[in-house]
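For reference, the structures are reproduced in the following blocks.
Two complexes follow with subunit A in common, the first pairing it with subunit B and the second with subunit C.
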Partner chain A sequence: MTAITVDTKPITAATPGFWRTAWRRFRRNKLALVSGIVVVLILLTAILAPLIAPQGYQVQDLANSLAGPSRGHLLGTDRLGRDLLSRAIYGARTSMLVAIGAPLLGAVIGIPIGILAGWYGRAVDFVALRLFEIFTMVPQILVALLLIALFGNSVGKLILFLGISSWLGFARLARAQYISLRNRDFVLAAQAVGVPTWRILIIHLLPSAVGPLIIFLVQEIPATIFASAGFSFLGLGVQDPLADWGKMLNDGTQYLSIDLWTVMVPTVCIALATLAFSFCGDGMRDAIDPSSRQSASR
Partner chain B sequence: MVAYLAKRFLTLICVMLVMTMVVFALMHAVPGGPFDQTQQPLPKPAMENIMRKYGLDQPIWRQYLNWLWAVLHGDFGTPFSQPTMTVTGLIAQAWPATLIIGAWTIGISYIGGVVLGCIAALKHNTWVDRILTSTVSTAGIALPNYVVGFVLITVFGVRLGWLPVGGWGQPQDVILPVVAFSLYPLALMARYTRATTLEVTYADYVRMGRARGLSERRLTFRYVLRTALIPLITIMGPNIPNILTGSIFIEATFAVPGLGSYFTTASLHRDYPLILALVLIVAALWGTCYILSDVAYTVLDPRVRLEGLSR
Partner chain C sequence: MLEIDDLRVSFPLERGMLYAVRGLDLTVRAGERLGVVGESGSGKSVSAAAIARMVPAPGRISSGHIRFDGSDVIGLPERDLRRLRGGQIGMIPQSPQTSMNPVITIEAHFQEALALHLGLSKAQSSDRTIELLRSVGIPDPGSRMRGYQHQLSGGMRQRVMIALAIACEPRLLIADEPTTALDVTIQAQILELFDRLVAESDLASILITHNLGIVAGHCDRVVVMYAGKVMETATVAELFARPSHPYTLGLLRCVPRLTAARTRTFATIPGSPPRVTEDAPGCPFAPRCDRVTAQCRTETPELLRIGARADGSGFASGEHSVACWHPVEFGEVA
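Right, the complex of A and B next:
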């Protein structure tokens, strides 16, 4: 007796998956690819700061304050003789923590609201839309500034307040996504089989909606860098001796005419980070949704 | 239309009321008060006197109603930080600087942005277009305006010495802040103009016109740009309050004594009356611009109908 062996292996798809195609498109976009590499480098710098930085961010060398670049201090020193290169490296850590943490918090608040509004429609959607309407009329950056000024400043609070004030965009986007998804056949099929709603919302629908949400998150990062560095620059954000690019800018402005490096180092850091993140975000958008490209750069 | 406008403005007034309530509650929720940060701690009786003078010894809801009542009569109170002035006077003093910078910025960025966007679209797929869109407009959108400001200060203020580093009063003080501030809206306008113009350039009716032998100039100005520029007005509207609130950083960079800098110092020093007045102004301006841009949309594009408006 010879058993008939049946090949039970599932048929593997020969066509490349969604993310792989997106990655291929992203790779072809030179500007986006270079920006992506810069983003990775900045993130690595932030994570590995203690290993890379030549000095601690608070080590003072008062004899060499406001000095230009030298062998000891490659980018010079600030008013307390702290090494600017080290502070820029540690600054990447604080700046990136806020720049990524705040939009993440906004996503965590906004996406559930958007999902519920888009899925349930009717009364829920009505309430959500009125909420959107009201919060559109509230200038977010001023709200964040007021909260930070009133409740004090630490990295955690900066993330909290910037995050709270950035939920609106995520909620809008998630709502639009779920409205366009909720009448699809596979949702009906899932409901017919008796899949619980929360499972449909999270396991079945979220993967289809997550692409644009991730892109939005990445595109929010430069805006958050702008705001958080801006607050630190106004003297509202991160406090001494902690290093942050905006804080360094604030320290440097008083010595603009004496030592340009104190201003130029944080300026270049902020510029590099915001540019890299936005080119990278644009590239991701074009890669995931090629149709969005049509109007922007046909 | 009147009913629609009335409804929108009613919402706006409600939003403003709620905002002032929230801000009021927030300010009082934080421990400490506006007079804690003086150089030497005040003796207790003096402190009590001050608290009584500004009504800070009363319950919160009472304080809020008092404030609201005064505001409805046009009295915004006395700023704690400058007791010799009124809030209205202080704002009247700070307003022009912000307004001048804002007006120049709006003018330059809107006109310049539209022109650059049109050039990019009409020279589509040439090097001009590529430089304008990929580099200039993205850089303008991505770079924080205070960063641009510091680059300008270092180049034109410190190195070349052509323009003042900061300050306010002389005519040339306006130049650098406006340039730094314009870059973002300029880039945004250029990007949108290019997109809408391109959309129209490839429309069937333009091809038809070209087939029938209309001159390129006539096609461009009468057929393409006319249609392409309509949607832009809706982008311009919401941008105006953006420009006015974004000026916080520009005013700090260039040491301009405008509304933005007062907002920062008032928030820091817990100057309750000043913060509330500024919040009210900003909210009113912000909301009005949104409403007006929604209305402009319907006026310019007959396909759009306002929600709740009878056809």
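Right, the complex of A and C next:
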């Protein structure tokens, strides 16, 4: 007699979940993985700036202005003798705050609009689509620029204005997702059980739509880094003595012929962050939605 | 318990209208098992959806009354409608493969319904879910319910959907071709389960199918639909013994029988059901009927009760109605 043993361990443990599978695919992509590590490092730097930075971002050492790298200032100083390394570290804080905050705000504004347009269709969708068209017509950066020119600037306002001007992409994406989801059988089944519409929209459908939206968010970050650096470069971004990569670049360009470091430090930071977020975003997209791999090179 | 009176459902097309249901009259009494049969496109699924006001857009209930326990479903506000769906009327979908949300656990499906209709807490609903899943024959329900739909086979999924449909103790269960998406071997099991649950909790049920064989075994009364209209209605025994409408007769001839001679060719009804884009008078079955007369093409036959047979024998339940100018007489065909 042979006894038959039945494996009774919970099936949930046996089958890897969606996110776990995605993580495995992401890990296999070396460029994305390295970029992901860089992203994490940048974020840690931003969060832990006061602990890491050798000096405050506003501490001046006028005797050593525009100095090259030295034992006291590893990456040199700017025209007011402020430590470039410290400013770059604190700059990560401001730049990341804006670069992540603005797309997040855009998502918060855009996703509900897109959901409603996609779900209800007809008149709601018509209005939303016309709204999309109007906003597509006006360059978004110009809108932000106009708002800054009108209302002044601070880190908070920068996030607000850049966020307002970036809702469109989120709305479009959410709309497309919900149009494809709304006619699925399980939506009908949920309605047949008497589930209220808001629960269907948020609890039932959002988890299916959230992947592409997160990817879009990550891909918006490098664009926002660029945009906010651009504003700072134009003098419309954050103001002295606050540090921001774009602003550091703006400060540095005036002394380009005297001290290359003042330009190089922020430029490398911007380039590194932009590339890291871009590759990381691409990697995430390929990991979450492998069918999009063909268009991976943009 | 359920009364449908002159229900009409139509779908606007790019050009004109599609009349899916044209004046449906139907009643279901408490505890009764009603079968609705008809070919694809006969309006049976749309009628079922209309009962809970779930006609898919852009379709619309254009007129008629639906009364459930005396309350008018068509005039019901959204809030009460949600209480009706799931709470009073349970629905079993056609394709269990796509009717569960792939990103939500099985338990969460139940928890949501139980909280909405019975106000159960998380812990209470867990217990109830295990109990429900066990009653539909899911092995090891405690760990299964923490999984997702893709971890279940088609038959298992339909069992789960049935459990979900009866979770909140509805009084009417509507099953829209619950076995079409399943393996033949599973179909009988699912129908047995359906029967058992209906009997146990004294539910009224509407079973929609195109298979008269299923009706024979699992229903008390039958409604035969064609082109959005009721052609004939009778108790199951009466319908099989004494089909009155030529269409019903045709359908019965199409059912393959083990007892039939091997040499007999498989019977079919020539042609296919119409897409009704104009509500013109005349019998909708006329173009395919072998008993057609000029009257059939110009005048719409009404659904009329067939009286008790003259000799008072047989199944004259007084509930046998047919919409035909030239009904098949008893004994006319073997």
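Please note the rule applied: the second predicted complex is superposed on the first by the 282 of 298 C-alpha atoms of A that agree within 3 Å, B and C clash if a C-alpha of one lies under 4 Å from a C-alpha of the other, contacts with A are read in each partner's own complex, and residues count from 1 in each chain.
Methods note: contacts are C-beta pairs under 8 Å (C-beta built on N, C-alpha and C of every residue); 3 or more make two chains touch, one makes a residue touch a chain.
Every value quoted in this text rests on a predicted model; they were computed, and no experiment measured them.
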Touching partner for A:229 - first (subunit B), second (subunit C), both, neither: first
Which superposed partner A:263 touches (first subunit B, second subunit C, both, neither): first
Partner, of subunit C and subunit B, that touches more residues belonging to subunit A: B
First (subunit B), second (subunit C), both or neither touched by A:287: neither
Of all residues in subunit A, those that touch subunit C in their complex: 8-12, 15, 18, 184-186, 188-196, 199, 203-204, 207-208
Subunit B - residues contacting subunit A, complex: 11-12, 15, 18-19, 23, 26-27, 30, 124, 133-134, 138-139, 141-144, 146-147, 150-151, 153-154, 158, 165, 191, 195, 198-199, 241, 245-246, 248-249, 252-253, 263-264, 267-268, 270, 275, 279, 282-283, 286-287, 290
Sites on subunit A touched by subunit B in the complex: 31, 133-134, 136-139, 141-142, 145-147, 149-151, 222, 225-226, 229-230, 233-236, 249, 253, 256-257, 260, 263-264, 267, 270-271, 274-275, 277-279, 282, 295-298
Partner subunit A, residues of subunit C touching it in the complex: 52, 54, 56, 81-87, 91, 93, 95, 98-104, 109, 112-113, 116-117, 140, 143-144, 146-148, 151, 161, 164, 168
